[in-house]
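Shared between the two complexes below is subunit A, which pairs with subunit B and subunit C, respectively.
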Partner chain A sequence: MTAYIIRRLLLVPLLLFGVTILIFGMLQFLTPVERSALYVRDIPKTEKALDGIIKKYGLDQPLYVQYWRWLVGTKDQATGERSGGILFGDFGFSRVGSQPVASLIKQRFPNTLDLTLWAVAPVILVGIWLGIQAAVHHNGFIDQAGRVFSIVGASFPTFVFGLLVLMIFYSKLQWFPPGRLSDWANQVVMSGGFRSYTSLLTIDSLLNGRIDVFWDALKHMLLPILTLSYINWATFLRVTRSSMLETLRQEYITTARAKGLRENDVIFKHARPNAMITVVTLAGFTVVGLMGGVVITETVFDYPGIGKAAADAAAQLDVVTVLGFALFNGLILIIANLVVDIIYAVVDPRVRLS
Partner chain B sequence: MSNHNNILVKTEDLVMHFPILSGVFQRQVGVVHAVDSVSFWVRRGETFGLVGESGCGKTTAGRTILQLYRPTSGHVYFEDIDLTKLKGEELRRMRRRMQMIFQDPYASLNPRMTIAEIVGEPLLVHNIAKGAELEERVREALVTVRLSPTFASRYPHEFSGGQRQRIGIARALVLQPEFIVCDEPISALDVSIQAQVINLLEDLQEKFNLTYLFIAHDLSVVRHISDRVAVMYLGILAEMASRDELYNHPLHPYTQALLSAVPVPDPVIEEKRKRIILEGDVPSPVNPPSGCRFRTRCPLAQKICAEQVPVWREVAPDHWVACHLV
Partner chain C sequence: MEKSVALGDTNLLTEAVNLRRIGWLERALGPDNYRVIQGLFKTPASIIGFVLITLFVVVAFAAPLIAPPVTNDPYKIPRDGFKADPQPMMSPWTRNAPDLPFWWKPIMKTDQWVHIFGTSQGQYDVFYGIIWGTRTAFKTGLVVVTAALLIGVIVGSISAFYGGIVDNVIMRIVDIFLTLPFILAALILAAVLTPRIGRSLIPSMIALITFGWMGYARIIRGDILTIKERDYVMAARVIGVKDGRILFRHILPNAIFPTLVLASLAIGDVVLSFAALSFLGIGTEIGYADWGQLLSFARNWIISLDRYWYIIVWPGLTLTLFVMGWNLVGDALRDVLDPRLRGKS
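Moving on, here comes the complex of A and B:
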């Protein structure tokens, strides 16, 4: 087990190198003017200013020098101040957000993380539960209903569903508003008395003892969670169902029945753990997908997460910002992949011991 | 029917049909006649061999007897208890007394459980032992099948086929059952390991007074291990007799053909020996032939064979056969 985890950890630097090379490669398609955003806040106005930047930050140097400088940044000879350097968390400047990309991420990511936190249980656990029910009642009513649902779910686009629930629950019923917080709650959060512990609004409001703010934050997330559940349930239902059916056909399930186990124990003690091996991967990537920002859902519900920020940047051709988000996403993916691999080893002795 | 009191397991007109579902609404479009009106009995302490080609329904018969498939009709008696009438808890409790050894030692062990968990679970679910006593019982069971007790904390994938099969046997034995269905327990193993497992099964039978239903397609192995043998063809029984009677005086043309296919380890006899080669393939169990199911391949088939189903009857003491021509 330890050797397995160490081997996985050794892969991480390699993956990081791959991701950075990829993103750096894409940066090379940009003009020097656009690339200057990696190091300076303002767009160089004159030819002369641009030349100065190219010289100063080595944008005319060979690629490997540029790559190195992109990683560690450039120190100003006079002031000793560093600019750029993704290893130090400097992803350049977002000209659309008029702030460094890193601080834009820092501002938006907690919102996405908050949404992920509350979406994981309904999206993944309920999805898996649906799949197990469908498999256990194979060809029964629940299974057929699930099949119809998963076909509709897979073929009905997110934005259509999102707009539909927005029409019903916001426009018609006025139950759940879009956005992040109501104005009054926003004022509470911005006021001096409200302390930020985790940057996650739901957690912070609880820690501050503001149940009303907590409810308001949760209310704003309900429709996005509903939409995310709807699009992911279809996948989880299908994958869990087929994995579970496959497992239930295994001979060791017959063995378990022959031993004299109750059917419930056969399903939940013997079949489910084995069926979960495939589902763990899907769950891992779903969580990564949620954490990386769900562009369409966040946009439809005007939810200020990193998905929406990236979409806004892309709409305004702020490529440095978009690539900053891509890099951040890559980091999350690598970490999550590592976590999934470790969970794999925990749930499957064949992986653990090989 | 001699020795009536000694019968441990008996089937009466056992039928197992599997529906074939098709189309959008999963309507039943046909039926697989896996087991059709099969009647035989197994005496306490004996090994009853059930032979037949692949797909003839012998595995289904074994599983239906243990109620792993619920039969379409017919009865299975364990002593005087009709297993087909039992449900839920009652059936679950009966499983202490009847166990199964599976054909595939790779697929039949849960890969996520340790050997101790696999072997010990039956004791737990039947509330027979737990804690230290459970460990001791598992240890005993492993020693009985000649495995080291130190294997208890390992997982199935760390073992060879022969070792896994012995784990499967330990699992079946741990409940101290009276009756064990051995479903082709050696056909997935290397030849060198087969003898080892067969000998183990024989030793265990002697030690614990076990009754075996031994399902196999290998006629030599069945001859070696069985006291009585039944031959199955396309879901029905063709012939049943004591081992020596069946191997020396086969009456059913199918039994005769099967036995003639067993090679003799003597080149002189082997060369002179007459072989009956069966024509064609086994018909589909979805549409079995009318009358006698073997008639399409029987070298002796006559008009009556297509018209009437042969009666399963005792033609000599303890020698049963289903054929119009006997």
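Moving on, here comes the complex of A and C:
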């Protein structure tokens, strides 16, 4: 296992390098003037000032020089202040958000985390439960229904599903609004008395003892969670089902049955743990995917997470901002995938003992 | 059940005396590939899928007959005025109405065009957009799949054929391209390209191709790795055939079939992703016949969607049925290609 983990760790710097090259490559489609948003807040209007900026930040230098400067930033000789430098967490300035990209991310990321936190249980646990039911009743009614559901689910575009859900539960029934908080709740949160412990709204409101704010925050997340569940269940159902069917065919299951064990024990104590090994990886990647911001779902429901921020910036062609989000997303994904792979190695005895 | 048993018996019989007829298709494709095609037409679900796809093909070809173009550019949805609010279904079409097509009078029983599915924001006719959007869907789907397949096959073959360090480097590049989530990566590239190329189908298509070839590269690589070891490849090497010829004449034709079928069924997914990009506001100019854009209009009317339901239901249904057609066939294909299920019913 150590060898496996070391091999996996060695991949990380390579992936980091690759993703930065990929994003840097996309930056090259911009003109030097547009790229100066990486270093300065306001792009100057006059020709002369522009030339000064381009010179100062080396935007006309060879690519490898630019890449290096993009990584570490440029130090101002007079003041010693550094501008730019993604390694130091400076992703440039956002035209759309009129603030540094990094602070925009910092402001939006807690919302995405909050959504992830509440979506994990319904998305993953229910999805796995559906898959187990389908496998246990192989070729029965539940299995067939699940099959139809997973095909329909895979075909139903997220945004169409989201819009239909909004049509029913928002414009018709007025139950669950889009957005993040109602106006009154927003005022409570903005007021001085409300302390921010974790910046996750649901947890903060509980810690502040404001059940009403908590309920309001949760109410705004229900439809996105419903949509996320719906689109992920199809995958979980399919993977869990086939993995479970595979396990139920093994000889040790026959042995367990031959010993006269109750069917429930056979399924939940003997078959399920082994069938879960593949599902654990999928679950890990799903959580990581949610954390990276779900672009379409957040946009449909106007939920202010990092997915929607990226989509908004893209729609307004604010490329520096979009690439900043991509970079952040890439970092999360690389690290989280590493964690998932290592957990997988620890869980799966075939990898652990090799 | 009984019928299949009986069929199985006759098959056994004919096979026992080696008299089974081999049709021209099986002769052309070879037994393995023929089995795949056969499997695709066996389940009711996949047949429904084929029917749906055929229907859309017919609509795409017959678009000028179903909804005659109004201007020189048939992909521009004609506008009935410039009011913002959507107009209800079956409301009369007063300005820029298309010529009456041949089917109109017998079916609709009037001499006047109406907005069959209503108009969307800015008085774009929903029906017209759906009909011509079918052509847009096939156009983007075919171009993106073909290009991604071509790149994937070339990269994957080189990787598998040369193996060793080449293989390692290429597969790591594939890993890097797979790091970012597909839709986000495509969104970014399309956003980067749009200011350079202008709003059209092209930035989104390039983006979908750039981040869409890796799957094919992986599959073809796996297939080539097994075929590479076959005796006839060894034989070709022994008589001194050049690398390129071995790869393109001897290995690829034998390895490419599953990838090819898989790619052709990916059209549904590509159209879905393309619509998603349009929905997010990246892609064609406003008013282009494109399902994703029709749906994106609905974003501005969320609070009154119960009144304007037709601006999402019809385009949404069309897109869903289109994707479902490909998915139904694709599901049957997965069963046929899954080696664990091979040989079982």
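Everything below uses one rule, namely that the second predicted complex is superposed on the first by the 341 of 354 C-alpha atoms of A that agree within 3 Å, B and C clash if a C-alpha of one lies under 4 Å from a C-alpha of the other, contacts with A are read in each partner's own complex, and residues count from 1 in each chain.
The rule is simple: a contact is a pair of C-beta atoms (placed from the backbone, for glycine too) under 8 Å apart; a residue touches a chain by one contact, two chains touch by 3 or more.
Just so it is clear, the structure is predicted and the values come from calculations on it, not from any experiment.
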item	value
First, second, both or neither for A:Asn139, with subunit B first and subunit C second	first
Which of subunit B and subunit C A:Glu246 touches, first, second, both or neither	second
Partner chain in contact with A:Asp265 - subunit B first, subunit C second, else both or neither	first
Touched partner set for A:Asn274, first subunit B, second subunit C, both or neither	first
Dominant contact partner of subunit A by residue count, subunit C or subunit B	C
Contacts of A:Ala256 with subunit B and subunit C, given as first, second, both or neither	first
Subunit A-facing residues of subunit B, complex	21, 26, 63, 66, 68, 92-93, 95-96, 99-100, 102, 104, 107-112, 114, 121-122, 125-126, 155, 157-158, 168, 171, 175
Contact footprint of subunit A on subunit C as seen in their complex	45, 172-173, 175-177, 179-181, 183-185, 187-196, 268, 272, 275-276, 279-282, 295, 298-299, 302-307, 309, 312-313, 316, 319-321, 323-324, 327-328, 331, 340
Residue numbers on subunit A that touch subunit C, as the complex places them	11, 14-15, 18-19, 21-22, 26-27, 29-30, 151-152, 154-160, 163-164, 166-167, 170-172, 178, 246, 289, 292-293, 295-296, 299-300, 307, 310-311, 313-315, 317, 319, 322-323, 325-326, 329-330, 333-334, 337
Subunit A residues within the subunit B interface of the complex	139, 250-252, 254-262, 265, 270, 273-274, 347-350, 353
